[in-house]
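All chains are identified by letter, namely A, B, C and D, in their written order; residue positions are counted from 1 within each chain.
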Amino acid sequence: MNTFNRQEFASDNYAGTCPEALHWFLEANASGHEPAYGDDRWTQRSTDMLRKLFDIECDVYFVFNGTAANSLALASLCQSYHSVICTPVAHIETDECGGPEFFSNGSKLLVAENTSDAARLGKLTPDAVHTLVTKRTDIHYPRPKVVSITQATEMGTVYSVDEVSAISQMARKHQLKVHMDGARFANAVAHLGCSPADVTWRAGVDVLCFGGTKNGLPIGEAVVFFDRQLSEDFAWRVKQAGQLASKMRFISAPWVGLLENDVWLHNARHANAMAQRLHQGLCQLPGVMCIHTPEANGVFAQLPAKTVDAMQARGWKFYQFIAGGGCRFMCAWDTTEASVDAFLADMHTELAR
Amino acid sequence: MNTFNRQEFASDNYAGTCPEALHWFLEANASGHEPAYGDDRWTQRSTDMLRKLFDIECDVYFVFNGTAANSLALASLCQSYHSVICTPVAHIETDECGGPEFFSNGSKLLVAENTSDAARLGKLTPDAVHTLVTKRTDIHYPRPKVVSITQATEMGTVYSVDEVSAISQMARKHQLKVHMDGARFANAVAHLGCSPADVTWRAGVDVLCFGGTKNGLPIGEAVVFFDRQLSEDFAWRVKQAGQLASKMRFISAPWVGLLENDVWLHNARHANAMAQRLHQGLCQLPGVMCIHTPEANGVFAQLPAKTVDAMQARGWKFYQFIAGGGCRFMCAWDTTEASVDAFLADMHTELAR
Amino acid sequence: MNTFNRQEFASDNYAGTCPEALHWFLEANASGHEPAYGDDRWTQRSTDMLRKLFDIECDVYFVFNGTAANSLALASLCQSYHSVICTPVAHIETDECGGPEFFSNGSKLLVAENTSDAARLGKLTPDAVHTLVTKRTDIHYPRPKVVSITQATEMGTVYSVDEVSAISQMARKHQLKVHMDGARFANAVAHLGCSPADVTWRAGVDVLCFGGTKNGLPIGEAVVFFDRQLSEDFAWRVKQAGQLASKMRFISAPWVGLLENDVWLHNARHANAMAQRLHQGLCQLPGVMCIHTPEANGVFAQLPAKTVDAMQARGWKFYQFIAGGGCRFMCAWDTTEASVDAFLADMHTELAR
Amino acid sequence: MNTFNRQEFASDNYAGTCPEALHWFLEANASGHEPAYGDDRWTQRSTDMLRKLFDIECDVYFVFNGTAANSLALASLCQSYHSVICTPVAHIETDECGGPEFFSNGSKLLVAENTSDAARLGKLTPDAVHTLVTKRTDIHYPRPKVVSITQATEMGTVYSVDEVSAISQMARKHQLKVHMDGARFANAVAHLGCSPADVTWRAGVDVLCFGGTKNGLPIGEAVVFFDRQLSEDFAWRVKQAGQLASKMRFISAPWVGLLENDVWLHNARHANAMAQRLHQGLCQLPGVMCIHTPEANGVFAQLPAKTVDAMQARGWKFYQFIAGGGCRFMCAWDTTEASVDAFLADMHTELAR
């Protein structure tokens, strides 16, 4: 017999498939035989829906996961002797096991120095880009070619449209392309309340990796090229890199579920709201230091070390992103108010000991 | 409204997800939150089931597709300056867009010369391996390190246990590792009627890429290392190459469905039987030249060129593997007798014109 | 005490440094301190001389050897999921240990089928290019992006200006770039009697790897980009790939010696003339079958197997390029008439036994 | 007419070829024809001399430059999903344009945090190794596999035998291999006064890249494997990567010149002595802050910014390694006392203004 697990705050990828994505997964299966490798009706349909959503004739490629999406996108923007500018907390730097370096055959990630307030919030700034580009221009060091920003950031914050534009302008000034790691792009748009176009291509983004998995898909991300010249032969790149699904419909049909009726946005808004609820609850607890106000679906707070241990002993799962009590709590599309409240209640009990 | 498509013979990856795999996909989703990256119960369970199936403490890794499975397995067996021996029709040579070369950073595929009967049947022979290994031993040419065989072959034939053993013995003699591309491994075992262990590790195979997709999964293949020394740090390799699913349960739980009650074998037997039915029907049609008797789920026949055109005009989808009427017809786990018969009836009509 | 070795016919890279190259090597050393990495006067001077020689503002990069020159040039013309069309005897296919695949991170070499007379002479034809480009256009196979021809060929023949132009036109028709492996470019020009420009950029060649080593340098080849858009950031590529000499003057200064007073051409003419002498001598020997008339500095002939053994027993070094007595004899810039005659005399003796 | 340039302090690779190396270069040329690719007598001889020097049956490979030597050595010690621990000033990190990442197909360099005194001196410590190895052990981050130290360091300091041993012991504890970038290995040994074996394999070093270029060769470095199991098939790796010289004798014969009569050590001692002379001269100048006492052939000092400008205006070439007057002055095997004194005299004049 199957058991329904307690909801956790370790990662938004602990959640399963949302009902709308599942509906289309099943619908795609019900048709029996279907052409492979993307020549099916749902791949066409979801691609068209993404074009409409972004209000531009973009090129769309569905791949299996975020490491592949980011790595393939970056590899299409630079050669092995080029470099990619990002923050020290960027997922491409800290959690993809050298995927970008592997797919690009050696491109170096140049990490912006972590000094300003923006950096504390996990953000890159135009100044940091400028500093890294101008620091070295000789041939003994990989030449910067791409700026990569994560939206929403790994620190649960969101770049404003103006912030993205300012980075893009600096990038353009130095002939750099702009890549957006949008593993939680939906959460960022939900926070900003802008159109997806406004914070991507209209703000100078060349390629977006639009995350589906954390938003409610079982598997799958979309690589969206707003500058179609950059995606020349990208289909071959995807195939060679083992990222072309034969039964593509099972990746693409669930996207129809996300995109229809703005489910992607509703899912993200809900996750963001749960993060607010958790944040506000935590801030009221004595002994908890809230690090910054969440803008997306991640909550960051400093807990007493013994409380961290006690909560983990109670079976709660969450990450300590730094030693000494700094913790991250992620809310998903399905996190319930009850789960948040249960967590807060346990916290309250433990802090009172 | 969704329509149920006509079944095609273009590829066994036109079929959808089999009921048993779907059942476990849904079961996995029903549990709500679940640890990511394989720390879930179905990944453990399906891995244990594979170990039991192969009767050995093998290492198992689930990846997204066959190109990745083969490429990662080969890359773990050789370095960039090594080479892999295979047939000219090997999928790794003809249909993976240079995936093996990419993942290995440049390993060359050495194609066995296509002269013998075995070669006509899409098979490698010990002699062909010997010839390629001894042809060049200088440092100006990549050093052979791996033999790769496809089971069942791309020509719809199946290596006997003795044939696999003979190749493995020749491989061992030259210090080569043995890789088995088992995209249709189930179909081969169904034909042979042996145990999976007999035709793999007991016959000298080091690594098997066990295909799930064509056998009835939505997505996913298993890389099975029988020699566990060869899989050292393979988990890191998988992660870096963008092949580690965050919501792994959606890859691994459907495997439970395939492995429970030998569904994998039933699916394969059915596909093989449909291939036999199609083959026998074709052989009785005047003007059709059956190339060889199918052993797995693929049928190969020579059709009059105008019949090829006419059948395609009727909407039937299948591949011409060579110019001039040589055709391949693949049967899937869900191919019905009615579909086979409808195809044969149309053939009969067209050949009579 | 040093001994002066007998001259061999195994390879033109058995020869040492020609006096003019040595003169400038010593001259470059005599200046004491000199800026590194190419910021020296001889790098500038030899680059200017090459521009003058080719009558165009080309981009020139000096690298260490031919494998690197070819591999770097090809990698700058294609991505990992692209392919390079060449002959089955092309050095990049047979003798660079997968260098092109390594530097490009996996580009496949597509070998033209070996049927026509041109193929027998080691030449690619426009038709062979067309056949390979149009054979597959799907994303499951690497997309052709480059045609690579060797001038002079590995079979000692030379493409005429018209032949190169015809290949280039076919390449252009299919959006392919043209690479010329000119390890023995000097020998080809010496044979053709044309200007270097006529048989390169004016005939549609995009990049030439101009061989210096076999022409009389101790070490070093020049990569010459006629289309300067193709060499963007090539200096970074060279550096990353370990091909940027710190004491560059010792690579570039000897080039001054080759280029001054057309020494490169005189060296090549001499080697070609020795090949003619050897060829004519061999043709007159009973039992020797001359395969084709040499155009550059390589001689190909079929010898009785026992004569091959006997000559090798006498200490003569040369390569059997195929089993059964097919032999290659290379003449170098310094091969003397006396050496040719001594070889022929021994041949005469052995054949008479 | 050739002019003898003023000696500079920009880099020790501004110097030319030392007389003994040149002698053997000419000797090797005088023999006429010689087998290629290392089958010549000087390659054998210099290899034997290196084995004697290191008092062990090591494997020796000659390559063209330091970037290639380091990158190939590192690639032989780790896979793409592994990482290499080094200091932030390591040449492999700062000046090889991503060479190590390219040759290894993506291995990440993990830079030790720059806090301790040792780090200020450009040294790695066992503690820093331990911290980096234990910081992350999950599969989302490249697994450490190699420790790379530079001997002498990029800051002109030298690891003692005990320091190397301590690092190696920590490396062994964590199953890491030890690579030594010895671009200035000779200068380190000259300073230590120990045997080359004591500070390499007896101290736990697995692979040494022994620099010849800065020590007086025109071109060439030696990769020395003390653990011969690590060099399996390394000859193929070298060939594929474009690092196998066809006329190998011109790389290897000059090594005979360096190794005979301990020329390599005399050259290094002289360069070190000139660095001492320069350092002592600089320390006595008012306004100059000597950063640390040189142990090898590099001098580091802080100059008033206007003095830097003035000296450069006088035509002196040297590097500012950081902004604001921090300068590096390198002495070479041929740097004369007169050159040092001329530089100091100009400094004196400029500082007095």
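Here is the rule we go by: a contact is a pair of C-beta atoms (placed from the backbone, for glycine too) under 8 Å apart; a residue touches a chain by one contact, two chains touch by 3 or more.
Please read all numbers here as calculations on a predicted model, not as lab measurements.
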Where chain B and chain C overlap in contact partners, by chain label: A, D
Per Cα centroids, the chain farthest from chain C: A
Between C-D and A-D, the pair with more C-beta contacts: C-D
Intercentroid distance (Cα basis), chain D paired with chain B, Å: 50
Centre-of-Cα separation between chain D and chain C, whole angstrom: 34
Centroid distance [mean C-alpha coordinates] between chain D and chain A, Å: 42
Contacts with two or more other chains, residues of chain B listed in rising order: 80-81, 96-98, 102-103, 105-106, 139-140, 142, 236, 239-240, 244
Chain B-touching residues of chain C, taken from the complex the two chains share: 80-81, 83, 94-98, 101-108, 139-142
Contact set on chain D toward chain C in their complex: 2-8, 10-11, 13-17, 22, 25-36, 63-69, 71-72, 96-99, 102-103, 105, 213-214, 218-219, 236, 239-247, 250-251, 317, 332, 334
Touch list for chain A against partner chain C, complex: 37, 79-82, 105-106, 139-140, 142-143, 233, 235-240, 244
